[in-house]
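Residue numbering begins at 1 within each chain, and the chains themselves are lettered A, B, C and D in the order written.
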Amino acid sequence: MVQLGANRYGKAEVRLVHVARGAGPDGRDLIRDWNIWSSLSGDLASAHRSGSNAHVYPTDSQKNKAYALAKELGADVPPEAFAIELGSFFVSSQPPLSRARIAIDEFGWSPIGASGYSFARSGDLVRTTVVHVDEGAGPGGGAGPGGGVGPGGGVGISVVSGLKDLTVMNTTASEFWGYPKDAYTTLPETKDRILATSVNASWRYRPDAVAAGLDWDACFAAARETILSTFAGTYSYSLQQMLYTIGTALLEALPSACEVRLVLPNKHHYVVDLAPFGLDNDREVYLAGDRPYGQIEGTVLADDAPEPGLAWD
Amino acid sequence: MVQLGANRYGKAEVRLVHVARGAGPDGRDLIRDWNIWSSLSGDLASAHRSGSNAHVYPTDSQKNKAYALAKELGADVPPEAFAIELGSFFVSSQPPLSRARIAIDEFGWSPIGASGYSFARSGDLVRTTVVHVDEGAGPGGGAGPGGGVGPGGGVGISVVSGLKDLTVMNTTASEFWGYPKDAYTTLPETKDRILATSVNASWRYRPDAVAAGLDWDACFAAARETILSTFAGTYSYSLQQMLYTIGTALLEALPSACEVRLVLPNKHHYVVDLAPFGLDNDREVYLAGDRPYGQIEGTVLADDAPEPGLAWD
Amino acid sequence: MVQLGANRYGKAEVRLVHVARGAGPDGRDLIRDWNIWSSLSGDLASAHRSGSNAHVYPTDSQKNKAYALAKELGADVPPEAFAIELGSFFVSSQPPLSRARIAIDEFGWSPIGASGYSFARSGDLVRTTVVHVDEGAGPGGGAGPGGGVGPGGGVGISVVSGLKDLTVMNTTASEFWGYPKDAYTTLPETKDRILATSVNASWRYRPDAVAAGLDWDACFAAARETILSTFAGTYSYSLQQMLYTIGTALLEALPSACEVRLVLPNKHHYVVDLAPFGLDNDREVYLAGDRPYGQIEGTVLADDAPEPGLAWD
Amino acid sequence: MVQLGANRYGKAEVRLVHVARGAGPDGRDLIRDWNIWSSLSGDLASAHRSGSNAHVYPTDSQKNKAYALAKELGADVPPEAFAIELGSFFVSSQPPLSRARIAIDEFGWSPIGASGYSFARSGDLVRTTVVHVDEGAGPGGGAGPGGGVGPGGGVGISVVSGLKDLTVMNTTASEFWGYPKDAYTTLPETKDRILATSVNASWRYRPDAVAAGLDWDACFAAARETILSTFAGTYSYSLQQMLYTIGTALLEALPSACEVRLVLPNKHHYVVDLAPFGLDNDREVYLAGDRPYGQIEGTVLADDAPEPGLAWD
């Protein structure tokens, strides 16, 4: 009468800090500070129905492998490459498991002084990646041509990278007007407002670019720079328009990416009414609101973007 | 070269507390304490491409309508019914917008004393619902036959309800063994461990049951009771098996539901090694770990479950 | 030129779950779920000035002792008694250290079903305690007569217990008017508003009652009940008056306590203006605000309360 | 039988963003992004005992005054100066109220691009200040000589400034050994470990320096730089020694400060045991732990530091 649908399991939030002494720029230590999620799926019906764990590769072993692999690969490996290796290990070594999802958050550290071993956490954003390794899929994430990556042929790999918690603000150059009015309209139109948001951006790499190999760190740096400069350089009529402009700019800046998804909360700044106190307030003093807030979500794709398969799962 | 993909926008976290004086059980006040998300989609290409807001029904108006609708409907309306009405208003009154997603978290309050107006926040769980109202879809959530609900014909409505943050523990009656061993296995098998999790459960209602009308509060109460009693009554060999058992029990307890999704973090409790201090520790003193933790996600469906369409979006 | 002032160090947030099988009411398991902070002070000048750790009892050992002590004392020991024992061990076994501060948060669990081993986390409040064991002080917390408790004579022990995160609401029976008006007054007076707060209450026990021994669990239960019934039974003209009334009631309900401190945030609920939408709103639909919020802090003491010494440190 | 002890009340978390267009360095906009707490005390016995609000200056008016004052003073006013003015207004305009505590958190923004109006939130630390204005105290925070600041004579003003959430790490140059051993010692000694902490530092300014006027922004910049360079430049034998070294360096760098308080959590990084997997791990791969953590708190004072009075309250 009932059936088991989609399912997966794994280890969440494996905190791993990798120090490669002297291996960074200018002979400084190189630090990779990660939070890792691994999630596996495949032939797990008996685990659910009978309690047999014969196919359940323990989440504890998943964690152990993550730490061991870090040692094996070294700290100069970017999170995307690490995730591909980790996911590939799981699906290749565990025949009942056909698919792995690896997600990594990377926290940034900035050098302090000249010692080479002192750092302060950056705090301005979190770098992210989500990688799927799918034995069942054809190469290229289940869509289109492209060479498979990983230990065997016929394995589809998808890579989505991004950033989150990047809070930005334009203190002007933002309007909002011309919207539908009805009985529930109380918002006045404005030709000048603060536009602030916390950028959550993800871009999906083209399967053939993944297969050919990419400089993941350089791609991330370019994406980060593009987001910042586009936000600063765009005169805005709505957060939707800003979203689309950033998405388009990212696709231009990253030829290896074919799809961008953005979630942009509208961090409202309300001009405080000071008239009761005999003061004017010409866009000077604002109340930064918490809740509610607008939330804008959207996707921008290249016309030739291959199907995503499970890349965004 | 680029195109606009899936998108939506709306107002997030509208905090609404509705008091109906004397309208609750035993003449007490009735309280509905909600956090509401509304999200709209439709013909929004020009908003993204040109900055025209002619189709952008403001998120501020969405918020206003939510408060006004609460007054109109009264506090005895369950969150599911409220969400259906709110979403239907948006898609019916704004021709360019064809789809609304309304999500509501409900926080519980328990009466204090006999005054009828004093309450303490329950804190044991959060009730949830996610409703889609989709003009574009055929009736029944975009799949299969079934009567449309809402102000017009041909509107598909899907209702997913659930609960989250319900933390439960079995201090015994849980084993974990028989799993694959490899070079990364350090976890010992166990025939007796603590099983603790924070239940995040969602169930999708059948479109025809939605169309016929349901006692949403009674369904929720039955689901909550089923989750608690099934967790307590199940001898566990893995969290996967517990997930499947709860999912199956929910489908049995709620004939109006056709699909259950569960996310169960494994809140690990480690037996502390007291041997260095000359003490044994026979499953008495545990360390409650934070990170990493296991995470088990799965779906259980009725064999005749209609396609979900966008219900889980 | 510079001197070392007050200092302390310790282990924070030792998560300990103690299960005593069958030892609870009705033969159920007894659970103590704690978060423990230990903090030590004494002759630590050389640790700060020269880096010598000869007097620094490691925080890792503090953690180990907490787990070992739990085993030794059993799960039926209340947090106050556990904290006294733990603090006494540190100051008595480490001659350079003269003072220990032990704080414990206790999380509640409610039984599910009849198995005796299944529980759900309560979530309505957190029970707290802060104990100081002070070798340097005379008995009784450094003030007044009273027998010392602990492994040696002349040790002062103070016990503060409490609760936090108890969110309560009166939907009426609350006024606020008669306050000073000036150029910055925009708030209208009200004869009927929602009064909601998250109670953070602490009560200091009398040193002689601590020395004589107390039923800590019974005291906590009485205090919790008193807070709830007083909140529900008090017609309020301000949160200050509510604070004082609760404080007074606690001192009456707990003869063994001599001082109460309360922190009561005013969780504002704003009546939403629905007039623009042609609707009245007679205290029905509220917006639950986040920030800013009022914050009321106050102390109520018995006239004969001994000096607190470091009890509140 | 009971008496009212220490009490205060006010408005918490007033979020204020002040934009001064073109007033920043290089003609950029100047942004002050603040979270403000105001808290008042004085003759409030009747408010607590009888519910009379005749002396209760509303927290809503406190909030209004904060926004109005921002407009009046302009965005180039540092948080310390703003807090002094705000607190002085309350105590001077409300005779029953004799003391104000104003706390401000300031969030940093870094410019993006050349527009002058685009910014990204820094996220590396939060700047803090706590100011007391005390009519009852003599000048100088209730202690020692010094000129009063504010609208009237005989008003004591204390200023504590600081920073928090500054996470720093030395990947080496840290040892921990030579500590007392007992039955609960399992921690091995180490001559090389990661030392990481989240700095919470506060420094109290000398009353006479406050009275004479200070360049608050320059003092903060010097303190921040001193903390970073001292952390990076100190070979550590314990976090206590690091605390004392930072405190001493701050007193040297800020002659206008007389007392420093530091709270330094020990963010433990554990070398992962990879031996079970046939790998060595020479301080390369670490697990970043959450709980428990060490917590080191301490004070460093100038020998001639005046009494703090309520400065740290």
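Keep this in mind: contacts are C-beta pairs under 8 Å (C-beta built on N, C-alpha and C of every residue); 3 or more make two chains touch, one makes a residue touch a chain.
Source: prediction; values computed, not measured.
Path length between chain B and chain C in the chain contact graph, taken as the least number of steps between touching chains: 1.
Comparing the centres of all chains, each the average of its CA atoms, the largest separation from chain B belongs to D. Across the two candidate interfaces, A-D and C-D, the one carrying more C-beta contacts is C-D. Centres computed as Cα averages put chain B at a distance of 40 Å from chain D. Chain centres here are Cα averages; for chain A and chain D they lie 33 Å apart. Centre-to-centre spacing of chain C and chain D amounts to 24 Å, using the average Cα coordinate of each chain. Taken residue by residue, chain D touches two or more other chains at 15, 64, 68, 184, 186, 276-277, 290-291, whereas all remaining positions touch fewer. The touch graph of these protein chains is complete, with an edge between every pair of chains. The touching residues of chain A, when paired with chain D in their complex, are 15-21, 29, 31, 33, 64, 67-68, 70-72, 75, 109-110, 112-113, 115, 117-125, 165-173, 194, 228-229, 231-233, 269, 272, 274, 276-277, 279, 281, 283-290.
Contact residues of chain A toward chain B in the complex are 1-15, 37, 39, 44, 47-61, 63-65, 68, 93-94, 176-180, 182, 184-187, 236-241, 243-244, 247-248, 251, 259, 261, 265-266, 291-303. On chain D, the positions that touch chain B within their shared complex are 183-184, 186, 276-278, 290-291.
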